[in-house]
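Here is the structure we will look at.
So that you can tell them apart, the chains are marked A, B, C and D in the order they are listed, and the count of residues begins at 1 in each.
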């Protein structure tokens, strides 16, 4: 069983460039997480976008959708900014025959304290176990992308 | 959906006591992992043993089994030393109506580089998604405890 | 021997607020560093500013100078943004009878990989050992604030 | 100014080998610390021993002394187990013309929470600043090796 990771940016991949005292999207951190975890399954990581999800356009989401449809894998994990993760998830709900899990992080993977490593582990546990469909995995929970929202004040996802 | 964590010791919980220049089992690290991940589901953590799994006796395994049978939860994650994780898993295979996932770590959770956080995330993803049964979750993979062994040289689990 | 820490902000104290997808100055990280290091000397931490050093005004620097002059301690460590650390240092060169070390970080202390912990350790080693004067401590070296500049391309300090 | 690092083992360099569920001395961690800190001075790292300092013999200490005497550098940092760090320090007190700082760690450098990074930074700040002599640097303080002991209960060094 091979897992296809599609990286689109978001907080999970953010780095800090001192040169500009700003925060930017860096390279996909999922590779670092998989290495540190010593995983022993087959995988492929495809960087598709490197955007804060608030800046994603409809065209960006179509690009993600095309990559999902073109994937030879039945199990796909998409790393994504949290603000519009559910929007992208909803656009994938009619993709047949694939188990798709979207995840991301509230704190960058490069932080000493971060939810990124846990979230990628959780997404892999879910994508390996669930029947075809689209799932959003955050805060240790699995959501239907059509029935979830990010609660900015509480900094966590909740059902709607 | 509530998850019941049963902590039994193992590398995942090891600490270093400088006073004796030795390595011992400390308090269950699963709580630290769940806090850092910002999980938003209901859970209970029950420390049952604090042993290196090579030192577990048959009586210890019966104790674990009793706690599993007595659990009001249908979803249980057991943190366990890796050396005899499969043995304990096999003893639980006839427990009806519960999804049980065993996991642990090759490197202590207190290390800067560790598989512990990923593994607990993966176990939660799996236990939330799978039908009743017993599963061993290590190296990003899910195994049947009756068909797995730890390869000590490669430091990973593999099917047999 | 008591050490007085004056925190003024800078990269060392930066945090990431997901709510705004931005980077801000958080609470002084020097306290966390001292706790983790298990230090056994007397100290006081005084947060004076919380600014990116590019945004510091002349009035801000006067405030820092006043706090230094008012300090009952002979040994002072100032945590500061790197971009104008030397400017602030130069303004302190005529302060008599005090050993003053300025330091900061290229990567936030909250990052998994950071120079913050090392730099604070180095500053304490220097401030405990040097005669009165003003020193800039970065990249494992001690500089005269009148003869140093930050090389933005190489991301390190060098003599001029 | 070049700094000569002499690594002798101790807790600072300890690793965990799951294969044996034991704790051993690994490669000198000072290199990792210097890299992460982005230091910009000239240095050399010489691994001389890899021992828990309780197991060091008189012959081992003579070996360390010979390396110190043979060093072309005037500034030397020795990483050392904490239990007999002061003994080794005392044996070096008559070495002329060199500033020698001994340091180590209570928690291994490979731990997520460790005093190792801070301690190496502190040792470099001290060795760069102090006149010739032998100094023990632990817990953010500098000690005369003839007037210090490790308090095992408090897990810190104190004057005697």
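One rule holds in what follows: a contact is a pair of C-beta atoms (placed from the backbone, for glycine too) under 8 Å apart; a residue touches a chain by one contact, two chains touch by 3 or more.
Everything quoted here is computed from the prediction, not taken from an experiment.
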Set of chains adjacent to subunit C and to subunit D: none
Length of the shortest touching-chain route, subunit B through to subunit C: 2
Pair from A-C, B-D or A-B with over half of its contact pairs in common with C-D: A-B
Chain whose Cα centroid lies at the greatest distance from that of subunit C: B
Computed distance of Cα centres, subunit D from subunit B, in Å: 37
Distance from subunit D to subunit A - Cα centre to Cα centre, in angstrom: 44
Whole-Å separation of chain centres (CA-atom averages), subunit A against subunit B: 26
Set of subunit C residues in contact with two or more other chains: 106, 112-114, 155
Contact graph of the chains (line, ring, star, complete, other): ring
Residues of subunit D that touch subunit C when the two form their complex: 33-34, 36-41, 106, 113-115, 117-130, 137, 139-142, 155-158
Touching residues on subunit C, where the partner in the complex is subunit A: 11, 14, 16, 18-19, 21-23, 52, 54, 82-83, 106-108, 110-114, 152-153, 155
